[in-house]
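For reference, chains read A, B, C and D in written order, and residue numbers begin at 1 within each chain.
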Amino acid sequence: MQQGATEAQIEKIIARLVEDGFDVHRSTGVIHTVLGGVGGNENFDTAVVELMEGVKEVHRIISPYKLASRGFRPAGTVVKIRDVEIGGGKVVVMAGPCSVESRDQIERSADIVADAGASVIRGGAFKPRSSPYSFQGIGEEGLEMLRRAADRRRLLVISEVMDATQIPVLSTYSDILQIGARNMQNFNLLREIGKIRKPVLLKRGIAATIEELLLSAEYILSGGNYEVILCERGIRTFETYTRNTMDISAIPVVHKLSHLPIVGDPSHGTGRRDLVPPMARSAVAAGADGLLMEVHHDPDHALSDGAQSLYPHQYAELMKQIKLIAQATGRSL
Amino acid sequence: MQQGATEAQIEKIIARLVEDGFDVHRSTGVIHTVLGGVGGNENFDTAVVELMEGVKEVHRIISPYKLASRGFRPAGTVVKIRDVEIGGGKVVVMAGPCSVESRDQIERSADIVADAGASVIRGGAFKPRSSPYSFQGIGEEGLEMLRRAADRRRLLVISEVMDATQIPVLSTYSDILQIGARNMQNFNLLREIGKIRKPVLLKRGIAATIEELLLSAEYILSGGNYEVILCERGIRTFETYTRNTMDISAIPVVHKLSHLPIVGDPSHGTGRRDLVPPMARSAVAAGADGLLMEVHHDPDHALSDGAQSLYPHQYAELMKQIKLIAQATGRSL
Amino acid sequence: MQQGATEAQIEKIIARLVEDGFDVHRSTGVIHTVLGGVGGNENFDTAVVELMEGVKEVHRIISPYKLASRGFRPAGTVVKIRDVEIGGGKVVVMAGPCSVESRDQIERSADIVADAGASVIRGGAFKPRSSPYSFQGIGEEGLEMLRRAADRRRLLVISEVMDATQIPVLSTYSDILQIGARNMQNFNLLREIGKIRKPVLLKRGIAATIEELLLSAEYILSGGNYEVILCERGIRTFETYTRNTMDISAIPVVHKLSHLPIVGDPSHGTGRRDLVPPMARSAVAAGADGLLMEVHHDPDHALSDGAQSLYPHQYAELMKQIKLIAQATGRSL
Amino acid sequence: MQQGATEAQIEKIIARLVEDGFDVHRSTGVIHTVLGGVGGNENFDTAVVELMEGVKEVHRIISPYKLASRGFRPAGTVVKIRDVEIGGGKVVVMAGPCSVESRDQIERSADIVADAGASVIRGGAFKPRSSPYSFQGIGEEGLEMLRRAADRRRLLVISEVMDATQIPVLSTYSDILQIGARNMQNFNLLREIGKIRKPVLLKRGIAATIEELLLSAEYILSGGNYEVILCERGIRTFETYTRNTMDISAIPVVHKLSHLPIVGDPSHGTGRRDLVPPMARSAVAAGADGLLMEVHHDPDHALSDGAQSLYPHQYAELMKQIKLIAQATGRSL
């Protein structure tokens, strides 16, 4: 309560808390009176009390997420798909083009990706873009091409689901369903994803706090789908040299707060090919469970995200460095 | 080009631009060579060239949006619904509860809103929330209640559409379809909204630049739906006292760059009831074409957003102030 | 404490708090144990406890500032200089060029400023700039010119002090000493300013929270100088169209948290002349106690900040609008 | 120029540019006229033209900094102090307490730092803090203690200079003068530092872009002091879990844009001891030329920054990891 809060104000707050099922503890200090509410309605909106008269500030002590918290599963979650384990002792690399463009392109991509030692191929089939005039993806046909190329090289597939209606088709072709940064708070989609039993990679929104990322994961977990992988891909800040500012510290913070694995996406995190290798190394050094990266056989002519796609030789070179950094942090590639 | 760029690098860039249909003008200075590309592919991704060797920086001179730009319709757009004009000489107030909770609540709300002189009632029926454990709205039944209460008091209705599947039901009950901040870059939804012929209010995302807001409007306009109203409702910054930082300067900036009307939402812009009146006045003083505000007959027991909902007496008082500010800027309420 | 914190961990925390003079209250809940520390060392760094084992989070209930808080002087501070009162019922306008450039320029400025009804003239004499190659101000000679021009038109003078060594010369010529945004946390300067008995205008830093602004004011107040005026002049965000994002909501927030008056600076808040009038109106509508603005008799040839300086006729027109907005909020110019 | 700009407007812009010494090239396109200014006044403020009528946007092609740019010294700068080289093939670690507190504390610190293999000891003597009620440092006596402890263990000394008057005393005791984040744009201080011939470590301000950091370095270089080391220590963003968001990508970006070495400060970059090891590894993996870190023999009782100071055993463990990461990136410790 504020200094000088009246007894009437204090009692009004107590009554409001009791109304929502809280036991209220009161400590009267020389300057301030402090009220503590225990139990009560979990969904109680603390802001309701915060704006009542005489109140100085309100703190919520219980995390708003539970299933996503480290305490729920202290040993950590390992997402296992065939022989690939994400969240275990290996750094898992997921690489490939931004978009599936043609059968030839994706077959070449599978070779580039697999030859350098990655275990998952990425590629988007549905690409709504920020300008209505840009390339929008080739749809289900692209997924089929992606699956076929992956199978040929024994790779897993990750591809993005844009809305709930696409879940069936994505589930048919893809091993991991990716939820993009713009959909991190598309709660209808999260709820539907919670109902399926497929691994999902959830990207942090560019304006989302780490707590909000964990709350979005909670949506999926609360539906019963526990195979959630998080992904740091940059937040929006005042710095304009990079498209986003990759928040590397989110990696150890998520490991502290949650049991879920987290990977880094240096391609979207920086928006510039020349920054992908140092930021990929950096994410692994900070403990990332894997990487999601864009590589293209001819980035100068890619239909989307060319500027942030690695050249094949850059990618192969980077994989060697990643291996050394993984070893330096007690893991392997 | 960078200082010291080689002739071979310069020629490679020129070839790449010509490949995409550009005429290239070259100016050789003492320090730098500058290349200008004219014409060419509108969707050309400048970043492709930016990352090529020898390039220092690339600037796009043409705006990425056209239909949304002021130049497209210099006199400005007025969205007219029955006898209400948004973007004309009147400040249009849209007010009401965050969520429709019950028939009684919404009938009372209609009285509060209409008595104080507003012309549009707001209320949400579908409310996916950031926590999976919170109140999620009462659905179509709520829309029907909202419509009935509005008709009784001759108010227009605005309500939010969460995804493309809800467009038909919203179009049945609501005069204006609202697209929330989280959906500002839901391009599937924008494209579908572009196909209908209903006024739409598009909110700025909390991490969206003004240019991105206009690009999202472009999506709708390019589908043929020209009745777009923009809305500033706060951006995410480092300041934590307010939930968001309401970017009042976006109002005059949008008026300069675009012909579309823009309203301010001081409820979401601040997250705190006590800041709504000053920020509402402030938005109107900056030239806003209207306001979108939350008011509830009993905010302390609202099922959502209670802390930012005005008490009825606050709202009535504020409407008087708004009237004075509107007059001070040469308009009326 | 975290869920599952051990008794040993809890006791270690209690011991650490007692060591710094706190009385510790312990509440044992089903899930969490909550410890409350009362009294104790005011400068105690809560982060020390936050990082100890078993601790979930720490909240400081007492504000870190006291003299600057509204509770310290509920009626509000009015800074009175001759017949000008800042923080009372009048909106005080401080206007003039960014830099004093010449006697002719400053005499013309005084006429422009005074004719339109402002009561304070601004002008900088020492102008270190972000590029070492830019105009750096004309020094004490400029202050003397400014004082003389002000006296001729019976205006007060405000000018910026860049470091502690300049306090004597600024105190000689200027009625109000301005501390710039970059110096908001120059604590040596704040301490020295606290020792003098001259009104000071303290600008918010572009990365400073409102709480940090009040903490910086506390430095000055704790030295015994109570004549502090705060100034909102924009914070740095991801939006690049404006140089900074003027946080208009800081005005009502400061009025709630503190007794100190606050003015708005729309020139630095936007960096663009065309946005100064709407943002000036907006600041006054939000309750600002005054405005600090740049006006120049020939902005296209100003030696600094020309792009954000108003033309004389724009300024005169704006003053009329300000007057109307001030009246609409129950005040006068 | 804007679409529809008149011939008169175009000519007015040309005249304004010619007035400042530019050669103007004009390209008339179907939609836009583009004007290019070559040569001219280096300090020309592009915003002056940007706000003139008919202008759409203005881009500066020449960097505002020259001496700090990579092009000025393509091979990179190595700052050499005795046998320590910063910017060469070794990762240089600078560690020690936030503040010098006592002779005993600093002697212990020197042992901790040197035993684990660092070559520079840090420690602050002048500590103005954000609250006027906190510990403020012990002054010159502390510097003398620091120097003596360093000499005993053959370490170099780095310590912070708060304003220009402290340059002589710092130069006496310290091998490297540190300029703190809050002083990054204290241009008086930068100019004075430019006149001495001592290595300086310049920290990035929490709201400073990389370009602004390089402009501040330019101030020092333009005075003739070329021994400048840059430091990334976190920027302010909306994320509140960490005190700042350490912008790891700034490290490779600085290496691209400038010849100056850059180190990372994970202690201030995160504000939390538990995040220092992953972020230290991360900075080195991204190519940092060194690290600046806080370590204390008893962090729970440090007089400042205890929460972000490593325990001695953590620090020793971290040094081993750093060594491995340095090797994985082709360098050594």
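Following the convention adopted for this analysis, a contact is a pair of C-beta atoms (placed from the backbone, for glycine too) under 8 Å apart; a residue touches a chain by one contact, two chains touch by 3 or more.
Source: prediction; values computed, not measured.
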Give the chains in contact with both chain B and chain C, ordered by label. A, D
Duplicate of the B-C contact set - from C-D, A-D or B-D, the pair where over half of the pairs recur: A-D
State, to the nearest whole Å, the distance from the C-alpha centre of chain A to the C-alpha centre of chain C. 38
Give, as an integer number of Å, the spacing between the C-alpha centres of chain B and chain A. 26
For chain A, jot down the residues that touch at least 2 other chains. 207, 236-238, 240, 274
Chain D partner, complex, touching residues on chain C are 16, 42-43, 45, 47-48, 50-52, 64-65, 128-135, 162-165, 182-183, 185-188, 190-191, 205-207, 212, 215-216, 218-219, 222, 236, 271-274, 299-300, 302, 304, 306-308
How about chain B: which of its residues touch chain C in the complex? 207, 209-211, 235, 237-242, 245-253, 256, 269-270, 274-275, 278-279, 281-287, 321, 324-325, 327-329
Can you name the residues of chain D that touch chain B in the complex? 2-4, 25, 27, 29, 31-32, 34, 36, 38-39, 56-57, 59, 61-62, 71, 236-238, 240
